[in-house]
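Listed next: structures, encoded as C-alpha cells.
First chain A sits with chain B, and in the next complex the same chain sits with chain C.
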Partner chain A sequence: MLFSSVVFLFTFLPLTILLYYLAPRKARNAVLLAASLIFYAWGEPVYIFLMLLSIMFNYFSGIDLARNEGRKEEQKKSLIITVIVNLLILGFFKYYGFLVENMNAVLPVQIPVRKLELPIGISFYTFQTLSYIIDVYRGKVNVLINPIDFGTYVTMFPQLIAGPIVRYADVEEQLRKRRENIYKFGQGARLFIVGLAKKVLLANTVGAVYTEAAAQAQTSVLTAWIGCIAYTFQIYYDFSGYSDMALGLGKMFGFEFLQNFRYPYIARSVTDFWRRWHISLGNWFREYVYIPLGGNRVSIARHIMNLMIVWILTGLWHGASWNFVVWGLYYGVILIIEKYVTGKLLAKLPEVIGVLYCMFLVMIGWVLFAGPGLKEAVVYLGRMFGAGAAGIVDRQALYLIKSNWLLWIFLVAGSTPAVHRLGQVLLWDEEREAVAPVAVLYLGMFLVSVVYLVTESYNPFLYFRF
Partner chain B sequence: MAAEKKKVQKKIRKRVPIRIPIKGAQAVLAAVFFFALLFISAGNLLHRDREFSSQEKRVLAQKPEMSLSNIASGRFMRQYEEYISDQFPGRELLLQIKTFADSISGKTKENGVFNGRDDYLMADAAAPDPEVLDGNLNAMAAFKERYADVAMHMMLVPNAVSVLRSKLPFFAAPADQREMIQEVRNRLEGTYDWIDAQKTMTEHREEDIYYRTDHHWTTLGAYYVFRDAREKLGLTDMEEIEMKPYGASNHFTGTLSAMSGYQTGYKEAIYIYLPDGDTNVRWVVNYVEEQKKSASLYDSASLTGEDQYNVFMGGNHALVDIKTTRSDGERLLVIKDSYANCFIPFLVPYYREVVVVDPRYYYGDLDQLMIDSKIDRVLFLYNANSFFEDRMLYGILSSGEDGPPDEGGTTDAQDSAGITE
Partner chain C sequence: MTTSKKETVRDRKERQEEQQIQQEPKKVKGQQKRADLLGILRYGTVGILLVYIIVLMAVKGDGNTSFTEAEAAVEGAVNTTKMTKGSGRDLKRLYRLNAGDYENVLLYYTRETMGVEEVLLIHVRSENDTEAVKAAIEKRRQIQFENFEGYGAEQVSLLDSSIIKTKGRYVLFVVSPDAERIEKAFDHVV
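Here is the complex of A and B:
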C-alpha cells in the first residue's frame, strides 16, 4: 500500500489510529504489528510468508547470539551465518536475474533467467534486521525477547517500504516505552501533510513533465535539460516526501525517527550532498561497512579502496542493473577526488559556485540513475550537450517552461529552507504560533493533495524498485 | 540589526494577532487532521455507490467480492482500490478543482486535451506504435490484393489539433500529424485511392468544421469532404442529390470537456443533413446484431441521452446494412470509426447498398461479407488519432487469409496484432 493512496488515507490510516489508541498500552505494539502485516500484504500477499520467515529467523538468531554471550567464536559463527542468509535472501530476489543475465553474457552457459517480482521494501527491512543482528553481536544493544516487539520493529509500516532505514539502536527504548500524546500527534500530522503534498502535488506533477520531455524521439538541448531538471526534482520530492510521511506517521504512534533529508540541493560539495541525501542509508553503510573495513584510518590506497567498495555497494543497493553500479562508481570517484584534491579549494569558493558545481554533478548522476539502461543514459547525456539534439531551443521546451511556471517556482523554493523561514517570519516562532492561518494552510494542503490524488491516475512511486 | 529584526517581527505579529503557545497549536493541528480523515472516510463509507459516471462516460468499479482466493491473489486489493477511488464522493467536482488549480500554474493541457483559444478543446495527436501501424498497413495492402477488381479508397481525416493549429495554446507543440498522414499515404500509394480529407479540411479551417468540446468533426466538415470526394467515389455521373442542414441540438457538450475537466461553457449545435426536395430514394437501415430496423440514419432519442453525437446512426455498431430503393448504384463497404457516423448519410442516397463495419466491434468474417454482399467498392474512413491507435484492423483484415478462423477468430487475430508489440 502506498501512503499516497485513497485506500491508505481513508480506510487503513483512520482504522489503525482508532484501534491503536483504543487498545491498552500493552497491546499497542501488537496492533501496530497486525496493521503493518496487512499493509505489507496489500500489494503482494504471497511475500508475507517471506517476511514472517525473515522475522522468525532473525528473532531466533538474535536469541542465539545472546545465548552465546562470552563465547566469541560461537557468536562470530552465528553472526556470519545470519548475515549470509539475510544477504542470500535479498540477493536471490533482487540480484538473481541480473547475475544470471551477466553470467550468460560472459560465460558459455545458458541459465534460464527468471524475473522475480521484487518483494516490497526488502532492501530496507533486510538492512534494518542486519543492524539489529550486528549490534546484538557487538553488544551495543540488548537482545529482544518479545517476538511481538521484534516483529513491530521489522515491519513497522511507516518506514517499511521506503525507509528511512531505522537502526535498532535508535528505537530500542521506544519499542518498549514511548510517549504518545496529542502534541506529538499534531507534529506528526504536520510532517505527514507536508510529505503528502511534496509527493502528490510536486513529485507527481513534475514527474509528468519528465515523462513528456523524455518521451520525445527528438529533443533540443534545452528540452533535454528540462527533462533532467524535472527528474532531479521528482526524485527529491518523491523520496523526501515519503520520508516526511514516514517520520510524521511515526510521530503519530509515538516514535521518533531520525531525519532522512536535510535540503540536499543546497549542498556546497558532493561530500556535503551525501550528508544531506538519504542520511539513514549513508549512516548504515558507514556503520556496518566503511568503518569495519578500517574507514579512513588506513593507508591512502586502502582508504580509496574502502570508499570504492562502499560506493559500488551503494549503487547496487539501488537496483540490480549496470547503470546503478556506474552511478555508484561515479560518486565514489567524485568523493575521492573531493577528499584528496579539490576539497580545500571547494571550501574557499563562494557558496553559489559550490552549489552550482554540486548540482551539476548530481544532475549528471541522476541521468545515469534514471536509465532505464546505461546506453539510454549515455544517449540522453549526449543530447544535453548537443550530440544528437535537434537544435538548442524548440517550442516543446518553451511550452514545458511556460505551462508549469508556478510549479517550477515551488520546486526551487521548496528545495531550500526559504519556505520554512517564511513561515517563521509570518506564522510561528520558538514559542508561539498563529494557529488559525497555520491550520487553514495545512488543511488546505491536505485537501488539495487529496483532490490531486483522486483525480490523478498517474501515481507511480520511484523508490519501489529498490 | 537584531533589534530591527525583532521590530519587524513584532509588526507582523500584530497583523496576525492570534498567536497561541506552540503546544496548543499542535493540539489543534492534531484535531484538524484527525477529523478531516474521519470526515472524509465517513463520507466515503456513507456515500451511495453509483454504477455509471455520466461525466466520465464510463461504468464505475463496484465493491469487489471478498474471498480467500481473491485476497491471496491480491485481486481483491486491486479491485478495492479501484472501487474506492471510482466511488469517491464528488469526483467530477474534484476534477474541475484540479483543472482549475492546474491552469493557475500555467497548464494548458489536461489528460491529453489542449485548452485552446476561442473555446476550442483539442485532443493531442496520438503517436502510432510503428509496428502495429506497419501490421495494419500491410494487412490493408494484402486485403486489396485479394480483391484486385474492387476499388478501394482510404480517407484519413486529420484531427482538430493538426488542422486548427492557430487555435492551439501558446507554445504548444503537438506531434506533427500531417507528417504521419503523409507517411500512410506514401505506403498505400498505388494500391488504395487516396481521398485527401486533409486538403479539404485545411481549406475550410476558418469554419466550424470541428466541435469545440468534442473530438469529432462536425457534419459541416464531413459535408465538405464528401463534396470533394464525390468524383473519386465515381458519383459525379449520377444526378446530384441536394442535402440541407437541419439543427438537431443547440446544447451539445462533448467528451473532451468531460475528459479534461475544462468547463468552457460552450454549447454546441449539431446539424443533420437530409435530402432536399424531391429525391425518391428511400432506405432501410438494418442494425444486424441488434436486430433493429429503421428508416432513418438518425436516432433522435440520443439527443436526450448522455452523448448527443450518437444521434448519428445511434453510435457505433459492429455491422450495419443499409439497403436503398435504388437499382442502379453500387454496393459499398465502409470500414470505419465514429467519424464515419455523420458521413454515411451523404453516401447512402447514391448506392444500392451500403454495408458499414466497425472493426472494434465486428467479430464476423470480412471476406465472407465481401462475397455475400457482392461488394463493388470499399471505403476506409478513419480519423487520424483513432487510426494510429487502432489495434483491431490487422486482425479483421487478415481473418480470411489462412483458412477459416477458429471460434472467436477475432480474438486470436487481436492477439496476433498484439505480438507485434
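Here is the complex of A and C:
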C-alpha cells in the first residue's frame, strides 16, 4: 500500500488512528503491529511470512544474546550466526539473481536463474533488526522480551517500506512509553501533508519531465541536462517526501524518528551532502561498518580501504546492479579526494561555488544511479557532454523550460530553507501561528494532492525498489 | 546450652549449603532446558525459513523465461503488417510510462487512424510495479473507449475483448482480433 494512495488516505489511516486511540495504552503497540501487518500484506501477501519468520528469528536471537551475557565466546558465536542468517536472507532475495547472472557471464557455467521478487522493504527492516541485534550484543540496549513490542519495532508501517532506518536504540524508550497528544498529532499531520505534497505535486510532476526527456532517442545537450536536473529533483522530493510522511505518521502515533534529510542540495561539498542525504543510512553504515572497521583512527591506506568498503556496500544496498556499484565507488573516490586533497580548499571557497561544485558531482552521480543499466548511464552522460547529442539546444529543451518554469522555481526554492523561512514570516503572528492561514494552506495542499492522486496514474516511489 | 545452640546454627548453615549444592544442578539443568528450547526455536525458525524459500522458488520463481523468449513468442503471434513497433517515446505518449523504469518493453500499435490494435508486453523490475503498469493500461483502454464509443462499434468490440494479463513480472496488454492467439503464445513461454 502506498501512502500516496486513496485507499491509504481515506480508509487505512483513519481506521488505524481510530483503533489506536480507542485502544487502552497497553494495547496500542498490538494495534500498530496488526495494522502494520495488514499494510504490508496488502501489497506483499506472500512475503508477510518472510517478515514474520525474520521477526521470530531475531526475537529469539536477541534473547539468546542476552542469555549469554558474560560468556563472550558464546555470545560472539550467537551474534555471528544471527548476522549471517540475516545477511543470507537479504543476499538471497536481493543479490542471488545478480550473482548468478554475473557468474554465468564470466565463468564457463550456465547456472539456471530462478529469480524471486524482491520483498518490499527487506533492506530497511533487515538493517533495523541488525541494529537491534548488534546493540544487544554490545550491551547498548536491553533485550526486548515482549514479542509484540519487538514486532511493532520491526514492522511499524510508517517507516517499514522506505525508511528511515530507525535504530532500536533511538526508539527503545518510546516503544515502552511514549506521549501522544493533540499538539504532536497536529505536527505529525502537517508533516505528513508536506510529504504528500512533495511527492504528489512535485516529485511526480517533475518525474514526468524526466520521463519525457529520457524517452527521446535523440536529444540535445540541453535536453539531456534538463532530464538530469529533473531526476535530481524527482529523487529528492520523492524520497524526502516519503521520509516526511513517515516522520509525520510516527508523530501521529506518538513516535519521534530522527530526521532523514537536511536540505542536501545546499551542501557545500559531497562530504557535507552525505551528512544531509538519507541520514539514517549513513548513520547505520558509520555505526555498524565504518567504525568497527577502524574508522579513521587507522593508517591512511587502511582508512581509504575502509571508506571504499563502506561506499561499495552503500551502492550495493541500493540495488543489485553494476550501476549501483559504480555509483558507490564514485562517491567513495570523491569522499577520499575531499578528505585528503581538496577538503581545505573547498572550505575556503565562496558558498555558491561550493554548492555548484557539489550539485554538479551529485547530478553526475544521479545519472549513474538512474540507470536502468551502466551502459545506458554512460550513453546518457555522453549526451550531457556532447557525445552522441543532437546539437546543443533543441526545441524540446526550450519547451521543457518554458512549459515548466513555475515548477522549476518551486523545485529550487523548496530544496532550500527559503520556503520554510518564508512560511515562518507569513504564518506567524508575533509569537503565535496564525491559525486560519495555516489551516487553509495545509488543507489546500492536501486537497490538491488528492485531486492529483485521483487523476494521475503515474505514481511510483523510487525508493521502493531498494 | 550455648554449645548446643551454636551447633544448631552451624547445622542449619551446613544444611542450607547442602541444599544449595543439591539445588545447583537443578538450576543449571533448568537453564540448560531453556537454552535447548531457545535453540530449537531459533534453528527451527531457520528451518521453516528454508522450507518457505524452497516452496517460494517452486511456486513463484521467475523461471528461465527471458524477455527475449517472451518477446519472440508474442511477436510471433502478432500480425504486424498494419502495426508499428513503438519506442520509449511512444510508450510515454500512449501510456505515460517511462521505459527506463522497466527491465524490458515491447510495444506495437496500429498505423491506421481508425485502428485500436495494440500489443504491449512489459517486464517489470519488481512485482510491485505491476499494479502501476496495469493502472496505466486501464487508463489507456478507457481513453480509447471514450474515443470510439458511439461510432466505432468494431473498435469498441475489440477493446471489450482486450486482454490485460499479469504473470510474475510480466504484464501483457492486447487489443487485437488475434488476442486469444497472442495470449496463448504468451502463456506457453511465461
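Things worth noting here:
In the analysis below, the second predicted complex is superposed on the first by the 463 of 466 C-alpha atoms of A that agree within 3 Å, B and C clash if a C-alpha of one lies under 4 Å from a C-alpha of the other, contacts with A are read in each partner's own complex, and residues count from 1 in each chain.
FYI, a contact is a pair of C-beta atoms (placed from the backbone, for glycine too) under 8 Å apart; a residue touches a chain by one contact, two chains touch by 3 or more.
The model shown is predicted, which means the values in this text are computed figures rather than measured ones.
Annotation for the three-chain superposition on chain A: chain B and chain C clash. By the touch criterion defined above, A:Y263 lies against neither chain B nor chain C after alignment on the C-alpha atoms of chain A. In the superposition on chain A, A:Y357 makes contact with neither chain B nor chain C.
Of the two partner chains placed by the overlay, only chain C lies in contact with A:L118; chain B stays clear of it. Annotation for chain A, partner touching more residues between chain B and chain C: B.
Residue contacts after overlaying the shared chain place A:T211 against chain C, while chain B stays out of touching range. Once the two complexes are laid over each other on the shared chain, residue contacts for A:L13 go to chain B alone; chain C is not touched. Contact with chain B, but none with chain C, is seen for A:L426 once the two complexes are overlaid on the shared chain. In the superposition on chain A, contact is made by A:F60 with chain C only, not with chain B.
Of the two partner chains, chain C is the only one that A:E376 touches; chain B does not reach it.
Superposing the two complexes on chain A places one of the chain B stretches 80-88, 188-196, 242-250 or 386-394 into chain C: stretch 386-394. Within chain A, the residues touched by chain B in the first complex and by chain C in the second are 43-44, 46.
If you check the complex, the residues on chain A that touch chain C are 43-44, 46, 49-50, 53-54, 56-57, 60-61, 63-64, 67, 85, 89, 92, 112-118, 120, 207-208, 210-212, 214-217, 370-372, 376, 457-460, 464-465. Those residues of chain A lying in contact with chain B across their complex are 5-7, 9-11, 13-14, 17, 42-46, 182-187, 189-190, 192-193, 394-396, 398-399, 402-407, 425-439, 442-443, 446-448, 450-452, 454-456.
Taken together, the chain C residues at the contact with chain A in this complex read 34-35, 38-39, 41-42, 45-46, 48-49, 52-53, 56-57, 60-64, 87-89, 91-92, 96-103, 125-129, 131-132, 135-136, 138-139, 168-169. On the chain B side of its complex with chain A, the touching residues are 8-9, 12, 16, 18-34, 36-38, 40-41, 44, 71-74, 77, 80-81, 84-85, 88, 91, 94-95, 97-98, 101, 104-109, 169-173, 261.
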